[in-house]
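Both complexes shown next keep chain A, but they swap its partner, so chain B is in the first and chain C is in the second.
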Partner chain A sequence: MLNTASLSLDQAPPISIPFRFFLTAPLFAIAAGLELLIFGSEMLISRWSPFTLGLTHLITLGVLSMVMCGAMLQMLPVIAGSPVPHVVLVGRLTHGLLLMGTILLKISFVTGSKPATLLALTTLGVGFLIFIVAVGIALWRVVTPGATIQGMKMAVIALAATVVLGILVAVGYSGIGNLAHLTSLTNIHLSWGILGWAGLLILSVSFQLVPMFQVTPEFPFWVKRHLPYSIFICLSAWLLLRLGFDQSSWIDSAATPVLTLAVSGYLLFSMKTLQLQSKRKRRVPDVTLLFWRLGMIVLGLCVLLWVGGEFYSQIGDTQYFSLLLGIGLIQGVTLSIINGMLYKIVPFLCWFHLQSRQMAFMCMTVKVPHMKEFVTDKSAKRQFYLHLLALVSTVAAAVAPELFVHPAALLFIASNSMLLANLVLAVSRFRTTFKLLAPSA
Partner chain B sequence: MEYCLDVSNLEPCEPLERTLAAVARLEAGDYLRILHRREPHLLYPLLEKGGFSWLTRTGEKTLFEILIWRRGDKSAESAALGS
Partner chain C sequence: MTTVSTAMTADHRRCDEIFSRAEELVSSGNWPDGEERFLAFRDAMLTHFSMEEDRLFPAFEQHMGHTMGPTQVMRMEHIQMRQLFSDMEQAVEARDDAQYLGLSETLMMIMQQHNMKEERMLYPMMDQTLGKAGGEIAQLITRQE
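On to the complex of A and B.
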């Protein structure tokens, strides 16, 4: 016999908390697309250009972290049975500070203003600190943490490392403080952001979400048990080796294989996920699956590109290498998966909150829309193809900016506008039914 | 009387939807056996609010088996627990 203790609905945050994160994210993506449209190929000259860095952070902070933070606040009570303390206050503060901090950081990149940089770093630092402490308390309270919770803990540690490194890098480049080895620190910052924070969160959450939402077999025990730890240990070892900033050859010869091991872990993850998805028990069309498959295929390609660049200077030294890797990992992998998951999370939350209200009031005369009625497959699929075209165009723009940068920007704006429209429509359907489900009805 | 519902190959939120539709049809003495591949944590608060009792146990055909009856229906409860 099993423990049948139910989840308290009071533990989950009100629907407005995750939704404010989810609805803000496409706005930042549209802003990033507009910037690319206005400034054109200037944005893709080098990963070190302030414009490119500003654009990258609009997406990594304003889109990716925005959705990831909102989803974690919502999911922890459900996945871990552990609510985030003061979730409403934490949600409001994290959202507000992340929103302001991202805008201020963008201003600081473009103007180079020291006050704007200080303000941006303070706002983002405080916002992430509140989030990390609150989510950390919820995660470390779990008595018997499974693979997903362990992975989430490591992702949150990676977020903390990314934020601290990011602040140090910004302090150094803006001239607020005098710091050496800024190139190395920047590489560690972005590696921990992508491979640690985003990568480990996607990896650990997928152990639950892929079998549950896509009705696939479970991930093998050895993958769930060992993969997140192995990647985290390799990333930590690489960090320690690199933090020495010693350019001696033995450090280089030790650091590269260690990072290669971490990256190989993601290749294994992408192949395993694709294999599980090919064994789906119920082969009904599913848009989220398309986004996931795209993300996993691009992840595999990025790993191969990275390995190629690391071991063959003919690849690694080309001017496109870093840009292509960044576009692949941010737009191709992380954005694809996050975009796909929004099409599961948002309709599910709408449906579940309405169903719960209906049961509470026993108001059975009002029909609660089915999950697929909140966002139709047709409109979600159209947005997927726009997303795919935008990705292909951006990759082409990295190689031939004059030809492709404007189509890439337009397609990216169109894709994210459609995502926003789909989400807004879902929320408006939720509100209409919510009002109908009243005690007197 | 026992009603059986296999939701083990359905994706969320179909198992929840079908279960809620099926429990709404339960009459005195009836109970519902749900065959599921995962433990449906989100179902429980909805059952609680709807006035149902339940028991979750390891299943024979699927990983989990959830027995549901109307709260206070002693005959359905003893039939479910004895099944």
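On to the complex of A and C.
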């Protein structure tokens, strides 16, 4: 059946929906930076300390998932030709619940209070449920899904798995319920969050965006066709092996190669992306490309580090191995790509909504600023270098906390404050022109 | 067999390449060649638009029985892009590279999303509905390149 209605632009959500997500994210990042600054090296002693877990979730929920959810609500009508049903309501509820849930979870980590934990889990659970159902409906409605849509479907399933596993882990640790194998469950939760939800979303969106905006050759057909589900199957097999039989040693020896396969998929992806980007026809300097390449290089390094740690206990048993991996994947890969993408999405949406308004009112005397007038290359580039410095110093802080934790925290706060300032400036320029574009009397 | 999808998608890629070259020349300060490539790009795009607006869209609309719907949206986006071409031309005349590069970045975003909608949805619909007539128009496009 032909779905002609799916091309309508009216289905793009109002600009306030994605922007509430995008403007909230740097605030959580700044909060996380302040926390690191105040509590210092205590935050980096072990990935298991409640403070470290709280800090990690401020970033993964408050920053990464915040932007990823907002961007998906915005992008689905264009990428999938399939709008999210009731997008305004879904956007408001998801944003509000994710915002409150992240704060409540932080409180629950710090205080260990059972009511706070229950409230946090309910808020986050309901928020993600609304998002997953709405986005799921839009994705599963696509009649002939391509590689990007298939990958996004798996990313959303991975999000659901991450949320369920996260709730189980929290119920177990807080003493609300009695659950066994909590260490295993925690590892599965974080692997599905990073390699599943964030990883598969970045992977599948890249298939579309990298060739399109940088004018590179397409990803090879076999990569697009087989990589996302291969990673997904490996993650699922690993989950089942780990969940079923935590203690037996033969399972241990089967589970590691399975996860290694999934992780190698990401090494292949990062190498392929860097190779395609080096062949790009569009050669002008591009800040988003800088963020993207940084993310891909760090992704490759993280895979090598993980493989090293898994097979050589001298690496894997060091105190800072897990911390380095977490910092690399969260701050170095996912945050880099998200930060870079914001510099494309936000100025474009400003321009797009103003231009549509100009055409609707035929108000041709008012000039609509172009994208680089909303966020200038210069300020975006400065923020990139701050982001890079913050990353390098956080990595150093994982190895030598006493020396580097404060510079790392300060640079992270500076980078995200500048990101926030760049976004707020774009929005204020949008508002100024929006007011000028009025129906002629 | 040449279809609307294959011919028009190939034409999109051809335009992308001329676009990238023009942008690179302007960015390196080579205005004479940059201007020449920009005009070649704009003309290639305008030819592509008129192939759609004068031939493909009317044939499709006739089949659908109305002019509202997807072709209407595509026409609107053509207007948005024509506006950007004219702003870019002014920037070329003024030799204002910052202005040109800001506009070309904006054009790239709208153009790629527009192309994606056509390649994913509209052209496949046309392949299904226009049949032989679609193939003939497609051959015409291939010959023009």
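Convention: the second predicted complex is superposed on the first by the 433 of 441 C-alpha atoms of A that agree within 3 Å, B and C clash if a C-alpha of one lies under 4 Å from a C-alpha of the other, contacts with A are read in each partner's own complex, and residues count from 1 in each chain.
Throughout what follows, a residue touches a chain if its C-beta (ideal position, glycine included) is under 8 Å from a C-beta of that chain, and two chains touch if they have at least 3 such contacts.
On a predicted model such as this, the values are computed, not experimentally measured, just so you know.
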Touching A:S379 in the superposition: chain B (first), chain C (second), both, neither? neither
In the superposed arrangement, which partner chain does A:S49 touch: chain B (first), chain C (second), both, or neither? neither
Mind working out whether A:N187 is in touch with chain B, chain C, both or neither, as first, second, both or neither? neither
When the two structures are overlaid on chain A, which partner does A:K281 contact: first (chain B), second (chain C), both, or neither? both
Which superposed partner A:S230 touches (first chain B, second chain C, both, neither): neither
Looking at the overlay, what does A:Q355 touch: chain B (first), chain C (second), both, or neither? both
Which partner does A:M371 reach: the first (chain B), the second (chain C), both, or neither? both
Can you list the residues of chain A that meet both chain B and chain C? 2-9, 78, 81, 212-213, 215, 281-282, 284, 344, 348, 351-352, 355, 359, 370-371
For the chain A and chain B complex, residues of the former touching the latter: 1-9, 78, 81, 211-215, 281-282, 284, 286, 344, 348, 351-352, 355-356, 359-360, 362, 364, 370-371
Residue set of chain C touching chain A in the complex reads 16-17, 19-21, 23-24, 27, 64, 69-70, 73-74, 76-77, 79-80, 83, 87, 98-99, 101-106, 108-110, 112-113, 116-117, 120-122, 124-125, 128-129
Chain A residues touching chain C - in the complex, by the definition given at the top: 2-9, 78-79, 81, 144, 146, 208, 212-213, 215, 281-285, 344, 347-348, 351-352, 355, 359, 370-373
In their shared complex, chain A is touched by residues of chain B numbered 9-13, 16-17, 20, 24, 38-39, 41-42, 44-50, 54-58, 64
